[in-house]
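Chains here go by letter, A, B, C and D, matching the order in which they are written, and residues are numbered from 1 within each.
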Amino acid sequence: MASLQFNELAYTNLDEFIYGHAKKPVVCSNGMVIGGGTVYPEVNLTLPTMLIDTETMPKVLSQYEEMIHGICSKAHELLSPGIIIEIELLPPCTFNPQWGIDVTKVAKGVMNEYYSKFGLKSLLRMTVVDIREGKTLTHMYKGEHWDNVIKTFRGCAEAGADFLAIESIGGKHLHDEAVMNCDLPRALFSLGVVGCRDMAVLWDEIVKISTETNCIPSGDTACGFANTSMVMAHKNFIPKVFAAIDRVMCAVRTLVAVERGALGPDKDCGYEGVYLKAITGIPISMEGRTAACAHSSSVGNISACLADCWSNESVENVRLLGGMAPTVYTEQLIYDCRLMNVASARGFAHEMRDILSESDRMYDPQAYILDPGVVIKISQEIVKGKTHFERTKIAASATIKELRSAFQDGLLQLDTKELKYLDIFEKQLKLMPNDEAEFTQFMIKNSTLDKFDPAKYDFNFNAVAK
Amino acid sequence: MFDFTGLSNAVIEGDNDQVQAKVNEAISANVDPLAIINQGLIGGMNVVGQRFKVNDMFVPEVLMSARSMNAGIELVKPLLAGGEMTNRGTVIIGTVKGDLHDIGKSLVGMMLECSGFKVIDLGVDVSPEEFIAAIKENDGKILALSALLTTTMLSMKSTIEECVEQGMRNDIKVIIGGAPISQEFSDQIGADGYAGDAAAAVELVANLLQ
Amino acid sequence: MASLQFNELAYTNLDEFIYGHAKKPVVCSNGMVIGGGTVYPEVNLTLPTMLIDTETMPKVLSQYEEMIHGICSKAHELLSPGIIIEIELLPPCTFNPQWGIDVTKVAKGVMNEYYSKFGLKSLLRMTVVDIREGKTLTHMYKGEHWDNVIKTFRGCAEAGADFLAIESIGGKHLHDEAVMNCDLPRALFSLGVVGCRDMAVLWDEIVKISTETNCIPSGDTACGFANTSMVMAHKNFIPKVFAAIDRVMCAVRTLVAVERGALGPDKDCGYEGVYLKAITGIPISMEGRTAACAHSSSVGNISACLADCWSNESVENVRLLGGMAPTVYTEQLIYDCRLMNVASARGFAHEMRDILSESDRMYDPQAYILDPGVVIKISQEIVKGKTHFERTKIAASATIKELRSAFQDGLLQLDTKELKYLDIFEKQLKLMPNDEAEFTQFMIKNSTLDKFDPAKYDFNFNAVAK
Amino acid sequence: MFDFTGLSNAVIEGDNDQVQAKVNEAISANVDPLAIINQGLIGGMNVVGQRFKVNDMFVPEVLMSARSMNAGIELVKPLLAGGEMTNRGTVIIGTVKGDLHDIGKSLVGMMLECSGFKVIDLGVDVSPEEFIAAIKENDGKILALSALLTTTMLSMKSTIEECVEQGMRNDIKVIIGGAPISQEFSDQIGADGYAGDAAAAVELVANLLQ
């Protein structure tokens, strides 16, 4: 594997570590600078109940057109200094790259219209679906599935997308099993061994396409991993501390995108983005209270502390009394951003950040690990690791340690069931072999092929074993 | 009367060794094998289901209990006449075509299994034809469909239509679920029921099979 | 008419004039104190597309039950220190008082369940529809319409409502005409003469019922008046300055509720509530960015500066990806409130208030007149008036003056069309007779009976003429 | 050729006196009365409609223009043979039963009137029977229904059903609007069109009557 980058943090001074500002801002051709001092709204939209097929495609496109119109017109009306629109393609629009490309064209068409007519600055993030799973998948890096992912990326970029993104899923089936069983070593294998390797291959390709098409490779998220844990924890199906530890472990995997050349802003639903920001200095998109339309959350405010873009995660095109839901959420995001930006302008950004953090930090370990101070502390540990495997393991143990001491210091509420699991996870980690090769061998022996088939990943066991 | 408390508790604890020990104890004491299963093993599992429902147990704990119950059943099985196993009804479950969300559906399957139903899990991205074939093959009484995407919800409708076409709509009850699904949608597409979570799904199936 | 109360402001010191704190807090029997330092979320919900009739009533009730369940369970989950639920009855539930009463019972039943099971504190505001209009109305204060309004109030109170409210409409038809023609004197007649008199009769009755049933008479709003202007201005159908002036004039009318004994919290959609707070010290409910589900707004943040309850105005029971919309909005409101309350706890409430104000103040006259400093300044003028008529007129002229100077000082953006209308309105006011009797005579002569029928209001012209 | 610019501008300005003066001037110059109306008065009003649509004029200004146009028409009317007045079609408009929201509907009516349609405004809280009666009485071509409440939207459906029952559904086009209404809902209840605002409503009516 290519040697690791980022052996030091981009931030060591907590005072600089704040929303709206990134050490490596992303400067866009229309003049918008992400991480350059202003928090921008990032609106994410999706289709209402409807089929996507050849027959319905015209209707699909007109749905997207209507949504982008509503969003742009609201952004103009409320004088937003700029807006980012994210479209997470739905599966048929990646299985059929042309459909994804057509969606991009329609969206960009409306956005260009608002720019030329009203001067509204906007950027389009196209998120391709990682369709590399399911019964018909033959291989992760060749064959129909891979080809369609790549074609969709290239086509969307050529059709005018400003940012490319994906929520990649290499190793996900292993992780699903890990979540259901609260099996931290298996999560570690999924993320730190399989996932990180998959990310490297995938992101090398995305960065290459971006360079060739003059597009910005933005970032990835652990949606299939830590967000699954988050939703499960939220339903009280698994302990919250698992979801918190999992989130920090995921940072190492998502970070690989940046190691391979992604520039940001990292994707909204990757709450682990705060660790990427700490370690690399790239700007990040985050989501919180105004993403309740997509899922309930225990990090509604604290997630904004370090946001450079502020997102609603996803809302479908249904009518509310005040208008279509994507337009309604655009308005909410714009006001949220005004609040943060005005606080900055008045010199109260730090206080606002601290208020946002204090709002949630104490009530949930998933919130606690998003506190800027905690992020820097744990990040400092993570970068000490010499391999992705080591870093992921450190992420887990450092988080366990941090949560325990936060509880002891009265900074975090944890009930006895949660505390019990902290012990369980600590024990799980202790029992794991320290050697990556040995560990890998053990995990592969204990996994079925439908959860992880090394052949499909070109997973070279000897390379791991060195 | 044999006291099943210890066995049930071992299931609740998910303690494989204890379960096997207690089952062997009961077998040695010549307890009716069906009673060992129903009162001891499934009895314990029922408590697990109840505790999960009120957020008193986590999924991994439920899975451990289920595994220990199964270990116990394996020991008793040889003593049972063929086919004597209790099955409250067979449920065919899967996520509909075009949709790869796995976990919600799996949890529903798990809880149904824990409650004594036989569950055939077809996985994700399952076509109407595959559902139909599985119903026929396994004498399924309940068809349980999951969808997490607004763009795959309508696959539920086509699956139900396929059942009608195959003339088997009256032989089965169709239940649906997943984040974007609502009772209203269920009524709209003519499903027999909707449940918002795994515990509710178990109740729903139990009611429908009465 | 009874003599005017409130000849001095409750607030003269801007430092005390802030969200969460009211000079006359409302202390509720469950321990919640509105205006006692904590901003509470107030969730407002409504039915999705469906008919209300005898046949559908069971379904209607189960819709309400589902919504209240979702709201209470989210409030419990997110540790809200308490929650207020408002149900604005829909017309059939006032035309048939029993239906409104049944809705109250169902709602209160669920709320009580969450209190006894989880200790969740909650309060129910029942808002009766003012059905006193339409073809079959014979009289404002007797006959079927009036009787049903009164029966619904009493029944809801007896069924457990904590607060009674209404959005009354006396004089509305005159005001509709005023809005369409941007006719300030006609608005003044509608509000300061007809509306204030109607309020006195209506609120005397509501206060009486409240006293007898141990319920709290909360407040009214100018929904049928200033909110109509606001929506019209938002659509660019009328100048924004009209909507701003109209809003302040409405304060005099809404204030009559308090003069007759209403205690607060004043109702959410009455943005004029800030003037009531300044003048009387009662707590108020406000709505802003998180009410975008109900209508778009140019006061998304500034409306929070003085809020004691924070509301979403109204959202229908439709499904979003993250859950049912009323539950989703509950989450958003709770996080909004956390932000404000944590700022207070950290001693930064004033700064937060000023950030909220600066966020919007400059871009719309309707926002500008919600700035706490401006509110106090204009309120000081209003209380100098010796009659409702005079106060309403002062409200108009003081607002015009304030808007003009704000523009001149570069504190408020107004385009030339808006400025032109400031001149027009000033002229309209100057041409008006100063004497209420003379003015009334003139207006009645120039109104058709279908817009205002003095007989239906028992409007005693001689009393005005003195 | 008479130059109508002055007359049209007076309408745009909403200047009653000027309009009347210019109309009298044209009449004295023996200009064709229909041309005065169509080119001068309605010509001016068309500009008003366009400017309103792009937010360049406020409602009170449109109303002033409309009033001045009407003042002009009153002067020309005596010179026209009976029934010669241009009417692009008659629209029956109202807010449906149970709903008292007035303004949106009135604005749509106003804009239609300005664009040369005859508008019969039945007001608010209008029952299906009242709509039917008005269509019959006035030879209505368009039935325009407004609803602002989620609980009265379905009255639109019953009104359409009543038209079907009365055997007059094919003689009229039904259009609907109001804050909670969407194209989807319009399709669902079988209306002929939906418009989100008054300007769009005018276009819709013009298209439907072509």
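Convention: contacts are C-beta pairs under 8 Å (C-beta built on N, C-alpha and C of every residue); 3 or more make two chains touch, one makes a residue touch a chain.
Computed from a predicted structure; not experimentally measured.
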From chain C, the most remote chain by mean C-alpha position: B
So the centre of each chain is just the mean of its C-alpha atoms; given that, what is the distance between chain A and chain D in Å? 52
For chain A versus chain C, what separation do you get between their C-alpha means, in angstrom? 41
The distance between the C-alpha centres of chain C and chain D, rounded to whole Å, is 34
I'd like to verify one number: the distance from the centre of chain B to the centre of chain D, where each centre is the average of its C-alpha atoms, in whole angstrom. 62
If you look at chain D, which of its residues touch at least two other chains? 150, 180
Residues of chain C that touch at least two other chains are 46, 316, 321
If each protein chain is taken as a node and each touching pair as an edge, is the resulting graph a line, ring, star, complete or other? other
Can you name every pair of chains that touch? A-B, A-C, A-D, B-C, C-D
In their complex, what parts of chain C are in touch with chain D? 46-52, 90-92, 133-135, 176, 179-183, 228, 232, 235-239, 316, 417
Touching chain C in the complex: which residues of chain A? 46, 74, 77-79, 288-298, 300-301, 314-316, 318, 320-323, 325, 327-329, 331-332, 334-336, 338-339, 342-343, 345-346, 348, 351-352, 354-356, 358-360, 363
Listed in rising order, the residues of chain B that touch chain C in the complex are 150, 179-180, 182, 184
Write out the stretch or stretches of chain D touching chain C in their complex. 55, 58-60, 63, 98-100, 102-103, 106-107, 123-125, 149-151, 153-154, 180, 185, 197
Which residues of chain C touch chain B in their complex? 319, 321
